[in-house]
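Residue numbering begins at 1 within each chain, and the chains themselves are lettered A, B, C and D in the order written.
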Amino acid sequence: MAENVTPHLSDLLANSPSNWGKWGPDDEVGSLNYLDAGEVLRGVASVKSGKTFTLQVQMGNPDGDPVWPGRTGAVRYNVMDKGHYLGGKGVDFPGGLEYADDVMIMYLQGSSQYDALGHTWVGDQIYNGYSASTTTGGLDKASVLPLAERGIVGRGVLLDIARHRGKDVLERGETFDHNDLMAVAEAQGSPISKHDILLVRTGWIGSFYTTPRDEFYADFIEPGLTYSPELVQWFYEMEIPNLVTDTIANEVTVDPANGVVLPLHAALMSRLGVTFTEIIALDELAADCAADKQYTFLYTAAPLKVVRGTGAPVNPIVVK
Amino acid sequence: MAENVTPHLSDLLANSPSNWGKWGPDDEVGSLNYLDAGEVLRGVASVKSGKTFTLQVQMGNPDGDPVWPGRTGAVRYNVMDKGHYLGGKGVDFPGGLEYADDVMIMYLQGSSQYDALGHTWVGDQIYNGYSASTTTGGLDKASVLPLAERGIVGRGVLLDIARHRGKDVLERGETFDHNDLMAVAEAQGSPISKHDILLVRTGWIGSFYTTPRDEFYADFIEPGLTYSPELVQWFYEMEIPNLVTDTIANEVTVDPANGVVLPLHAALMSRLGVTFTEIIALDELAADCAADKQYTFLYTAAPLKVVRGTGAPVNPIVVK
Amino acid sequence: MAENVTPHLSDLLANSPSNWGKWGPDDEVGSLNYLDAGEVLRGVASVKSGKTFTLQVQMGNPDGDPVWPGRTGAVRYNVMDKGHYLGGKGVDFPGGLEYADDVMIMYLQGSSQYDALGHTWVGDQIYNGYSASTTTGGLDKASVLPLAERGIVGRGVLLDIARHRGKDVLERGETFDHNDLMAVAEAQGSPISKHDILLVRTGWIGSFYTTPRDEFYADFIEPGLTYSPELVQWFYEMEIPNLVTDTIANEVTVDPANGVVLPLHAALMSRLGVTFTEIIALDELAADCAADKQYTFLYTAAPLKVVRGTGAPVNPIVVK
Amino acid sequence: MAENVTPHLSDLLANSPSNWGKWGPDDEVGSLNYLDAGEVLRGVASVKSGKTFTLQVQMGNPDGDPVWPGRTGAVRYNVMDKGHYLGGKGVDFPGGLEYADDVMIMYLQGSSQYDALGHTWVGDQIYNGYSASTTTGGLDKASVLPLAERGIVGRGVLLDIARHRGKDVLERGETFDHNDLMAVAEAQGSPISKHDILLVRTGWIGSFYTTPRDEFYADFIEPGLTYSPELVQWFYEMEIPNLVTDTIANEVTVDPANGVVLPLHAALMSRLGVTFTEIIALDELAADCAADKQYTFLYTAAPLKVVRGTGAPVNPIVVK
């Protein structure tokens, strides 16, 4: 694909549907508005056995954390521990209690995380039409804070593309679309309903831990959903509130049809207000679903309430 | 109280009950073991209306974050935003997608957070008898990671001490005990059951935002639970898995009876393995409970999976 | 002075002299160009006794570091030390060598420091006419790097305004001008020569360590040089390469005549390319000069070579 | 060399000379005591032409900084710049001055740096016999602060081993000793005198910038000085105050004779108090010395005054 014919997203999405203004001029949470109390109860109703799963990847793993190229994983330092007391440097509390303490430095998008709706944009406007300049120095609008204040609770459905295709992990750059999502759901016995939170498994993040780093990042292109007007229309009509994947960027890195990088960030997140949840660990949950054939569950997640954040780390909980 | 008669915790708690070894020599999650699938279902069964609440305080609030004296609140910096694109410095993605990105530096105990069971100790052993030297440079045992891997799901009960006492916020150093907790629960119409997650409201953290900083921190002493052998025995017998409060340290800062600092960190957290959840925002939830008289609910929380962390931030979700 | 008549610096300095272009379109070191080999030798020739002085303030002082309001002092964390070895966590080198290691987080302008010539500007252009947008995300032009690559070596002269006025420290907002500098130099017996590096002492930074913090920062206004067209002309004609002071911002914070904040940053640094060196400890040097009556010396300084930095910390050395 | 016969440094150096106590029980600067006013004047007397050189490597180079394996290079973030003003987020100073500001995170030993004398040790005592436990959480004794308060000024001599051996850069693990240093000095026409500051060039750091990273770090072993009792005796008798090299650790990484890692850190730095200055850029200076045949000069250096630091970055200045 010649680079000189790569379309600009403002042209590619000229007629793409938009939810800007749908929830008023001050809205900052987008499609999470679909998750009303009724949807919460629908999620709760899907609980059967009381099994639980947490979906964050580890932070500060000594073998490295999976991050978008250029970012770095979290780094943690102790500032107090038993060594301080042994060296006569510990804080001396009456009664003798001792403690350990630590600090961490992290990219807010450097682990399992919710993107703020203002995290990406095309041209001069972010989600809901706010000026892109409101992102400067920190997101004054559509930051991760309103998502975190609200929290995400609803019915989740696991869509195990990798297992459906008989693979441990999809190929580099391998794609799928909404028809595949529906087909997988049908095959799993749990059709997708309006307002479902979609958890899409490719096996990709799991492979990070077993693949040499150079190989994982070489010619970096993840597998994932690929753009089409029909796919966008499907998300729009299904009123999907939240897309959760075990990849770093929730979609195929480069659109194979036209060379555009991350078009769904523009079409789904920025235009429709679909929240994106990235770098999620789904392998253990998927194995359990394959075993008990229950692919729907209560999904709860709340990113950290970082003021003006472009995103924030999260450790979602699934209750089956 | 003369300082020279302050007892050492190893003496004070010589006959205090312990759960070390109860869940095997490799246990690192303590009383969370009580939260089995049955308890998860009991929590789910308490859901009625589908109302949700998130309980973290904001991180990086421009007016300051409530932290233990000596710690500092989270600081966040943008490393990419619309300003970079306006200045010709943005990353140039084919198709024109633009983005904002940021980093954060934080004390892991500098916001709403779960303490690791190895966060505090007395003498040479942390929870379950592991050597205190395993905390050096990072917690090799009983770090926050196993708590985060497991997640916390169960029935929560709000105990609104402040409202029960007709106050917006308890006084500096005001105390209460397990009898007060039971009395409040009775008055609210929802007695405490074994394995309940206790959310205790003093109004303290809420007052941080409306009190001059100098005044808030002057002669720093929080209100909270106070130590007695009977209180410890009650937590032990009730098998409380998790104590959640709207204070920075979950108990009165200095025991008024003997001058010991934070004795319940030793008696409950280190000995019994009760998980401590601190700096939690309870005012909005409490107002709702006072209005609808429903004080029990599904509580879900999952701190970040920080490898070797002494604690980790968390944004719990309550579903009523 | 009514705020509504505060002039804009672009008007105030409309006819102010400029060195833009004087050293070519690619120049990034400004008046340091005056410090050629001859000036280095003139500095060396001023050495008499071999006494030396270092001029940085401490970084990470447990009692706090003097910084511009809003910045924070440096914070340092150990990541390895004897405590790690005592706890069995040290790095195990064959032969048994042990070590300590640490990290630091700092504002680049949060200690004794050289400002990059592009650190401040008026309108759309920084020093030498480069676009102000080149500062976005890091200084691509006129950063501290070229200053650091070059280093500063020449004849320094101490101008002890405080002692000349019979004070330990100047008053809050107390001002002086080039005539005062000349008068002090004459009184000290060492007239200012062209290309001298000026070290101006007010006593202000020294007072930081003995003044309650609230008082030091209340209605923050430092003493210092005050703007006049004649002062600017004097710096221009004297070809002063470097202005070094014991204040945080090298000039009176707010111009008492017109309310403009930091006009000399525009007139001297941005227009003339005079390098600014701030937060410098001069008290010990000044006491020695008062004792031996030698007010001129060899001055050497080299800020850290921080790529794209707006400034960088420095520990200058004076040799008398 | 079999690992099981690698001697422990406490045995290897049992009879090695020591300067502990030589400058009193409170000394923290070691062999810098040799640099008295007379040595400063000797350094000044070596100045001839007024040429200057700065010797730090760049910090935050986008292509990476040379650091010991496991450390990371400095990272810098803008927190204010023109982009903020374009987006309406800039700080609004009366008069219109605008500015850029930034923060940096760094290993204190992650660039050109002076090691504190307490940076490494053997057993339970650091330099001058202080307890090694004083290093816990920060160096209470023999930190970099006293070195920084004193500064280093004296006569430096460049010893260009690489050029002497007809190489651009020494081989991985290539060694030399004090006899080589003397031979090089003789060949260069400037014999080493007592109290000279030695700048030893291997070409190694310069090669970092032209070598693929994987190759530079593979089987990491630097060229450098190698231990012998005679070499230690020579440093002791010559009263060398400061060893400056263009390698990361100032000596061959692993002693080829016995497998000990970094024995000279113990023998020279910890026992004799010789200050170590590492990761220094010498190529430009060396080229000039080869051209004008002047290998001696005034050397001035002052690491940052980091309280309790294990080391601190430095940008030394040479004046020829």
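The working rule: a residue touches a chain if its C-beta (ideal position, glycine included) is under 8 Å from a C-beta of that chain, and two chains touch if they have at least 3 such contacts.
Not measured: the values here are computed from a predicted model.
Peer 1: Under the document's definition of touching, what chains do subunit C and subunit D have as common neighbours?
Peer 2: Correct list: A, B.
Peer 1: Which pair, A-C or B-C, has more C-beta contacts?
Peer 2: B-C
Peer 1: Centroid of subunit A to centroid of subunit C, CA atoms only: how many Å?
Peer 2: Computed from C-alpha means, the inter-chain centre distance equals 46 Å.
Peer 1: Can you work out the whole-Å distance between the CA centroids of subunit B and subunit C?
Peer 2: Centre-to-centre distance between subunit B and subunit C: 46 Å.
Peer 1: Please set out, as single numbers or ranges, the residues of subunit C touching at least two other chains.
Peer 2: Residues 78-79, 81-84, 86-87, 89, 103, 105, 133-138 of subunit C each touch two or more of the other chains.
Peer 1: Show me the residue ranges of subunit C that touch subunit D in the complex, using the header's touch definition.
Peer 2: Against subunit D, subunit C makes touches at 3, 6-10, 12, 36-41, 44, 47, 49-54, 56-62, 71, 74, 76, 78, 81-83, 85-86, 93-109, 111, 118-123, 132-139, 145, 148-151, 153, 254-255, 258-263, 265-266, 298, 300-310, 313-317, 319.
Peer 1: Quick check: in the complex, which residue numbers of subunit A touch subunit C?
Peer 2: 77-79, 81-84, 86-87, 89, 103, 105
Peer 1: If we count contacts the way the header does, which residues on subunit B are in touch with subunit C in the complex?
Peer 2: 79-80, 83-84, 86-89, 105, 133-138
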